[in-house]
Amino acid sequence: MSAALTRYAYLGPAGTFTEQALRTLPEVAGAEMLPMVTVPEALRAVRDGIADAALVPLENSVEGAVPPTLDGLAGGERLMIKREVLMPVTFNLYAAPGADIAALKTVASHPHGLAQCQGWLRENVPQAELVSSPSTADAAEGVVRGDWDAAVCAPVAGQRHHLAELAVDVADNAAAVTRFILVTRPAPPPARTGADVTSMVAFIAHDRTGALLEVLTEFAVRGINLTRIESRPTKERIGRYCFFLDCDGHIEDARVGEALMGLRRVCADVRFLGSYPRAGADHEGDGRAEPSDDDFADAAAWLARVRAGNA
Amino acid sequence: MSAALTRYAYLGPAGTFTEQALRTLPEVAGAEMLPMVTVPEALRAVRDGIADAALVPLENSVEGAVPPTLDGLAGGERLMIKREVLMPVTFNLYAAPGADIAALKTVASHPHGLAQCQGWLRENVPQAELVSSPSTADAAEGVVRGDWDAAVCAPVAGQRHHLAELAVDVADNAAAVTRFILVTRPAPPPARTGADVTSMVAFIAHDRTGALLEVLTEFAVRGINLTRIESRPTKERIGRYCFFLDCDGHIEDARVGEALMGLRRVCADVRFLGSYPRAGADHEGDGRAEPSDDDFADAAAWLARVRAGNA
Amino acid sequence: MSAALTRYAYLGPAGTFTEQALRTLPEVAGAEMLPMVTVPEALRAVRDGIADAALVPLENSVEGAVPPTLDGLAGGERLMIKREVLMPVTFNLYAAPGADIAALKTVASHPHGLAQCQGWLRENVPQAELVSSPSTADAAEGVVRGDWDAAVCAPVAGQRHHLAELAVDVADNAAAVTRFILVTRPAPPPARTGADVTSMVAFIAHDRTGALLEVLTEFAVRGINLTRIESRPTKERIGRYCFFLDCDGHIEDARVGEALMGLRRVCADVRFLGSYPRAGADHEGDGRAEPSDDDFADAAAWLARVRAGNA
Amino acid sequence: MSAALTRYAYLGPAGTFTEQALRTLPEVAGAEMLPMVTVPEALRAVRDGIADAALVPLENSVEGAVPPTLDGLAGGERLMIKREVLMPVTFNLYAAPGADIAALKTVASHPHGLAQCQGWLRENVPQAELVSSPSTADAAEGVVRGDWDAAVCAPVAGQRHHLAELAVDVADNAAAVTRFILVTRPAPPPARTGADVTSMVAFIAHDRTGALLEVLTEFAVRGINLTRIESRPTKERIGRYCFFLDCDGHIEDARVGEALMGLRRVCADVRFLGSYPRAGADHEGDGRAEPSDDDFADAAAWLARVRAGNA
């Protein structure tokens, strides 16, 4: 199946962190890479068959969720997460060769870049006006265009334009990480590895009091660990949310299958987003809660015996 | 299968309420009936193959559970409840022909009979000493033997011995009902009727805080109504209990099967006691909680589609 | 207050295990002891002011709950448990001096005594008919009266009647323990000791699905350990139960007070039965669950600050 | 207290929706209004005492939460929400007088404006390039400056610059509403109105499995309706979230006070953000869940009686 994936869309332009993340995937070597201007366009490329998969950012440990990605997964034709990529974010400060940091009048970056580096910028270039640019890659280009004096961007972007590196690692929170997801059209999920994530969107039935509590109970009662809960407005009216949930385990696990069926019964709607290997996890048993899947198999065998009158 | 059941043990002696209850079963007509002295002996007759089934009292709406029946089901070789019988309890006061109620010096009954009629007896035969007898049938026999003056017993017993009926319906709580169960060796349960009960014993894992809460949650999360919860000591040491649970539904229902599997996972042990028609229920939908079994079927079909990448 | 308690009713007759248990209480030395024929009469003596307190059996580790005690606490004027007494049960076999165990034709005991020794009796006196007597003390008296050949009873009863001890410790389960309670009219509960029990009866609102689950959740959410759950029919109609609950802690504990208020809100009715020292517990911290009462005090102080706008 | 509030910071520049929302507050008439460039700066103005209160956007029914507002409330010195303002969002298309919609080459707006109108823009000005501007007010100014041909912005901004209104209500989702909050330094909350919201941030203890479930249970067990659950990364590392919760009721309500204390016990930390009237609610009883606060008062009175031995 991987063999068939030869065209990868990603959130561009070239030179963004998303491109860096995409290049870490071995299967991408030699494949066609299609930079798209926005997340919705990257997802549309997959839905329209222009690309076989798209890599888009899902969340950042500092900035939080990426709303267009969540909205693009929750609505429209169903897409599937095939894998995730975690990438540390490194922001450097670049300017034209020969520039003096003390003389910078304007510094540009994507608003997230400005937000993540605001402490450093206030302290080290207090004299500079901060300018929003559509992407960190564009911020670097803008230095070449002469739109502003400096850019806060990924190393790949500064290097591409042969800019001078005035400072490295200027983010206030050095450990920032972005989680990207590789999205395809619906397909059977990749095989269980023993350290998997399952992602879904639960649309709560709002006329049921305690509906979210019911949803969480479906996981708790089966000993499944929820690793992420993210709310998004459903856009019908204020106060209506859907919930993006990630849990440990694979849809082929008995417990996860049962929990998904439970959600299907108590929710207005459930959208399965995929089961895929947890990035950065040691395979086998990482983060697995009790009871084990063996307990589920044992219970099923026992039920069959009892139903047949043989236990 | 009913055809094979030709020997019925029951809690005797002849003339007890249990005999009356057994005679209400159409399939008993013409079968051999074996009165047994105690509940454990009635159950042993089934286990040893001396009887094909045994009818024993399970609970009474005034006296509560019948401990030897609970203990006989929880321990020993597994037995199965094949059906239940509800019977209103009628206590009458019988004495030798010609006796005067004001002159009775002793009145006998089984302790439960004395307990259920104590208010009436105190008011109407305050002069009489109350005597415990091993069964209400024996109380009637004792009048014939001359052991005591009168008996509180079932009409069938008074009539069998041609005693005089001094008063009818002398129970303090006129609506008392006894629930009997017909017990066999393990076999596939009778077919679903749409208004069934499933009975089981849950042995709590005592080193898990909140274990009973977990057990109840397994039912609640699946919308299953629990109709009875009865604790019994496990006899290991004080403070250790097992729980007799009755719920709406049949083990062949998806929801009930799933809940039983859940119990199997969170309990130290679970003993399935049977699925059988609810006595006195109108068939179809009586007491069924939402979500319906159709919702469970729909959820299972959806899961299969999603696992296959087709949803 | 203890000074005022000078008349103790108990489940008689003299020579029962209850008398033995009562004599273990230091404050009883020199007090008047009133044997009552039944549990309801012992409780009535307290309600009517004939006795200041009554000692009655609540449960036995083999036989389970003592239904008349539960029913006597759940209905009628409210009574209060002031303390509990745990006593190992010892059954011996007594007969007239010179009797031969192999020649015994009849052996009597209270039905619980017969039940707890049935294995031993079947093996060691297989030839004897077993006879029910109203109490184990009466069984011993019956030997003197010549009603039967031998009695299974407490040592105190055999010795009182100068009977021959044919066998000791004949219970099938040597570790059997009976839990007795000392009951008074309502009064402020004894002071916290740090290892207390709180007892109550919860009358479930039967039109609320999952009502028992709600009750258990009131405890679980506050980290309170439930040590006993006993159901009893409410006698209105079959399938209606109230629940006797024991939990760790004292009504003066913030957590227990809050849980009781929660029960009061979700139940049809709640009857507080008392907070008293746990028998056999080492004082201080035994069986205490997290969070601690300090956490409750800290949370209350924080709430006060926040409400005042000072946090 | 309102008397003392004479300087209002808000998310500027002048001409934004926030200014429009601020002007709907009667108490603002005649007060000093301080436009701030970013949400963090508006909040800092309050913390530093430069302003008495700040109005900032909290969430939008289409775009979701406003992350800088959430982060500004969760971290730093504690602030308090004193009231909320709901405002329908109206986007119009403005250009220089005489402009032809078919000839527009560039259209600017804040990224949220572009996102909320993307369907309309694609259909009605497909030829135009979309340009991000730092605010909708700046988009209008940019038309005057000649930076781009047209702006998608609030009516107040178009009118202020005497631009031509080419189209009204161009948002794809006409019912979009923004929720603003008026934030002050900590103070006693405004009085109960009977239709209040309480807001808080819960920092989950991540080493406790099921911690979020515990948090939700604290509300459910007390019959409190949660109206909003919003997760945000805590920025320590990916996969760590805090939760912004809104519930029905006021911190002075017994039930809400108890739930907050419960959160305090089970969470690593809780930050109370305020109790304030629900905007758009009819006063009295709107959205109130059972049991009522009277039930809480009744339960407290009962507990006091029972503790005193008088019940």
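Each chain carries a letter (A, B, C and D) given by its place in the written order, and its residues are counted from 1.
Quick note on the criterion: a residue touches a chain if its C-beta (ideal position, glycine included) is under 8 Å from a C-beta of that chain, and two chains touch if they have at least 3 such contacts.
What you see is a predicted model, and the numbers here were worked out from it, not measured in a lab.
Asks: How far is the middle of chain B from the middle of chain C, if each middle is the mean of its Cα atoms, in Å?
Replies: 25
Asks: Roughly how far is chain A from chain C, centre to centre by C-alpha average, rounded to an integer in Å?
Replies: 60
Asks: Between chain C and chain D, what is the separation of their C-alpha centroids in Å?
Replies: 57
Asks: Residues of chain B that contact two or more other chains, please.
Replies: 217
Asks: What is the shape of the graph in which nodes denote protein chains and edges denote touching chain pairs (line, ring, star, complete, other)?
Replies: Ring.
Asks: Judged by the touch rule stated earlier, which pairs of chains are there in contact?
Replies: A-B, A-D, B-C, C-D
Asks: Please give the residue numbers of chain C that touch chain D in the complex, ascending.
Replies: The contact residues of chain C facing chain D are 78, 80, 186-189, 214, 217-218, 221-223, 251-252, 257-258, 260-262, 264-266, 272, 291, 295-296, 298-300, 302-303, 306-311.
Asks: Applying the document's contact rule, which stretches of chain C touch chain B when the two form their complex?
Replies: 40, 59-64, 67-68, 86, 111, 115, 118, 132, 134, 173, 175, 177, 179, 209-210, 212-213, 216-217, 220, 225-233, 235-241, 243, 289
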